[in-house]
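One structure coming up, written as structure tokens, with questions to follow.
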């Protein structure tokens, strides 16, 4: 599936700007971004439910711009699940097949009983519905109406209605956002398994970076109608192309602090020189993106240089690990991720003075416009390898 | 958005299938309605406006434009002027009684637990019944010799009254029947309005020492019912304005023209005497009143939506 | 406090009960008279319950001497014809107005809003002339035609369809349904409450309507129930009140009984508008 120069505007408000995207066959691609970034609109354009103002959509090397949504061989799972409220679960799942396999006359009341082949087709459809329902473990619910189901069960019915068509492309529009937190985490795993089992192409829309990171083969991070960065979850996490990407991906969020290039291949934050590779001229203002796991506590007695003095503001217990929220001398906040053992060993209280060691090679350097500074990318690649 | 990738020019020039489908399906779905709305509403309205400036009579071969003559004749016509007076008088009686009476009953019925639906049915019954049939019953009820109202009047010492044949009382009798027919309708609207007033407002009022029935009504019920009252008032005035059935059944405009109402006179001019041009002018006057009331109603509805 | 707690409900019951008697009086009087023999109707002594039960005679008279059964049949035909066409015209148009983008969407909706404030009495003259020119007066068609289009129905169903989730319609499009199939397979089953309410509104309005039938019907064959009662009354002048009341009861019974049977639907249907 590929998108070529997709543009869309509502009135004078541009929603999508000349957007290009290639989706590989069989991959799980996630469109992620803040609400209003155009990701849902893009998904509806792929489905044909909305019409782009410019550009074209190709599925399997063929433009589908002149095809109706129902003829594009794509299935979609909606945020609200969009189940037909008056039909049973079984009929909901069977509907796309009935539409495909029965002629119009065979779908009309009265007239349909005249078709000799209809009973055979309907038997086939029932068997396929039963098979899909069994896969999703909803076979005991086939006679119920959607109103009688829990959120998780409706979710599965919506999946079943998409799966039963065996489409070339699955489109999913925030399908987990109406579930409670626990079920959401569980369904993440199930969706990833489903993708592996079906081997079909998934395009998945979410605003939740955790969903994007856990399920995707690749992520397209969108903002304001453009794709900021396209890559594997590891790419986006380890080599964010911009400050916006770095800030969107990862939880707890990345620390951003202002610094200056020192001209000698490093950077300085106030009076402290940090071992962050940076080849910009001395005095260039830059912004550092420091993941919480790139920050660690240094023993007060080490006497080594390049440590940031700070004061512990608050410690958050996540069970296996702790997040320390520290205040730097300049007033910037810096979060550090610590193992339980390390936290206990340090015996800290709110207000304690701490020294923070920064894992220089893993720090992301951006210019003041938020663009990644290439020099640091080179040294980071070396560091990561 | 003008920076379009060349490949896009192709689909931008042609309409995408979904838009085309919506345009075709939408047109096909709406066409019968559009044709009918032209045929039974818009074109007749225009014809009506034109006719009101002519001396057209049904069956006449020709007609000629008479300018504003019809309108001038209309306002010089004693019958028409009397019908306007009678209609406004009728509205002036029916409106306050049916609105405030309905509000009063609605508040009482709303407070009943077990008998609530019983009263709801009883008061609403006249709304669903066939007014022409019930008017003949009223005629019998008001019969000075045979009806219970006549008997009651004698028993109470008022002597024999013949309401429908008394020029001073006939319109009042019609108005009473009008109230009887519409009050249940208004009551149901008020009950709907009452049911959406949040309970905690009453509780807050009680904490503010506005706990008595009158206090509660003045501090909570009446202000919260404002939009409903507006709506009920206007729909009731439209209904009352169109009084016709009871006139036809009970008085035929009499006695002495005391119950000639706008619609009844219009009916006579247009469909009994076939003075079409004249009746058309009269209809335009009726339309003006109805449009004015509807515009008021639109504002009232707007406010109603705004409140909730 | 205790005293007031008792007095208020009692007073309220007294007021409501008195009102209820007034509301019901015509119905009771109608029913009681309809089973009274003429001698008792004109008798000087007033008794609530008749000494001689005369119901069979009165109702038989009403059903056979007048043409009430025929007018009831006419009423049913006219109401059914109007309702069927109204639904067939309104529902697709309302769906298109609510959910589809097409050329004259806004214009049509504007006309609908205008139409909402125009009762039948306004276009009645031109419509009458047109029907007269076409030699169609005094036909079922003339009785029904002005009401084939219900702007109120379009308005009502449009509001209803606008509230219908667009995602379900999109899902149906993805499943391969064409628009008319979406309307009758997906949207229509959910619109049943609205259809029921509108049907009540429409049938009650046209069963009881006097103005238009009075204009276009001249022969007794096509009289609707209100015209039937008028005609029956005129043939019975000064005469058989018992039978007349029986006739009134027969004509008003269908709507009243239907109301008693489906109270909720009726209340919703009739109170949907003040444009009765």
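When the chains are written out, they are named A, B and C in that same order, and each has its own residue count from 1.
By our rule, a contact is a pair of C-beta atoms (placed from the backbone, for glycine too) under 8 Å apart; a residue touches a chain by one contact, two chains touch by 3 or more.
In this text the structure is predicted, and so the values were computed from the model without any measurement.
Peer 1: Which chain's mean C-alpha position is the greatest distance from subunit B's?
Peer 2: A
Peer 1: Could you tell me which two chains share the largest number of C-beta contact pairs?
Peer 2: Contact tally peaks for the chain pair B-C.
Peer 1: Which integer distance in Å separates the CA centroid of subunit B from that of subunit C?
Peer 2: Chain centres of subunit B and subunit C, defined by C-alpha means, are spaced 15 Å apart.
Peer 1: In whole angstrom, what separates the CA-based centres of subunit A and subunit C?
Peer 2: It comes to 57 Å between the two C-alpha centres.
Peer 1: Give me the residue numbers in subunit A that touch at least two other chains, ranges are fine.
Peer 2: Expected reply: 48-49, 68-69.
Peer 1: Which residues belonging to subunit B are in contact with no fewer than two other chains?
Peer 2: In subunit B, the residues touching two or more other chains are 18-19, 21.
Peer 1: Can you list every residue of subunit C that touches 2 or more other chains, as numbers and ranges?
Peer 2: 173
Peer 1: Okay, in this complex, where on subunit A does subunit B touch?
Peer 2: Answer in residue numbers: 4-7, 9, 14, 17-18, 20, 48-56, 63, 65-69.
Peer 1: Touching subunit C in the complex: which residues of subunit A?
Peer 2: 44, 47-49, 68-71, 74-76, 78-80, 82-86, 95-96, 99-100, 104, 107, 161
Peer 1: Applying the document's contact rule, which stretches of subunit B touch subunit C when the two form their complex?
Peer 2: Answer in residue numbers: 18-19, 21-30, 32-34, 36-37, 39-45, 47-48, 51, 58, 105, 108-109, 111-112, 115, 117, 119-134, 136-138, 140-141, 146-148, 151, 180, 183-185, 188-189, 192, 213, 231-232, 234-236, 238-239, 242, 244-245, 248-249, 263, 266-267, 270-271, 276, 279-280, 283, 286-287, 290-291, 293-295, 297.
Peer 1: Give every residue of subunit C touching subunit A within the complex, in rising order.
Peer 2: Touching subunit A: residues 165, 167-168, 170-177, 181, 186, 189-190 of subunit C.
Peer 1: Name, in rising order, each residue of subunit C that touches subunit B in their complex.
Peer 2: Where subunit C meets subunit B, its residues are 8, 12-13, 15-16, 19-20, 22-27, 29-30, 33, 41-42, 46, 88-90, 92-93, 95-97, 100-105, 108, 111-112, 114-119, 121-130, 132, 145-146, 148-149, 151, 154, 173, 178-180, 183, 204, 207-208, 210-211, 214-215, 225-226, 229-230, 233, 241, 244-245, 247-249, 251-252, 255-256, 258-260, 263, 266-267, 270-271, 273-276.
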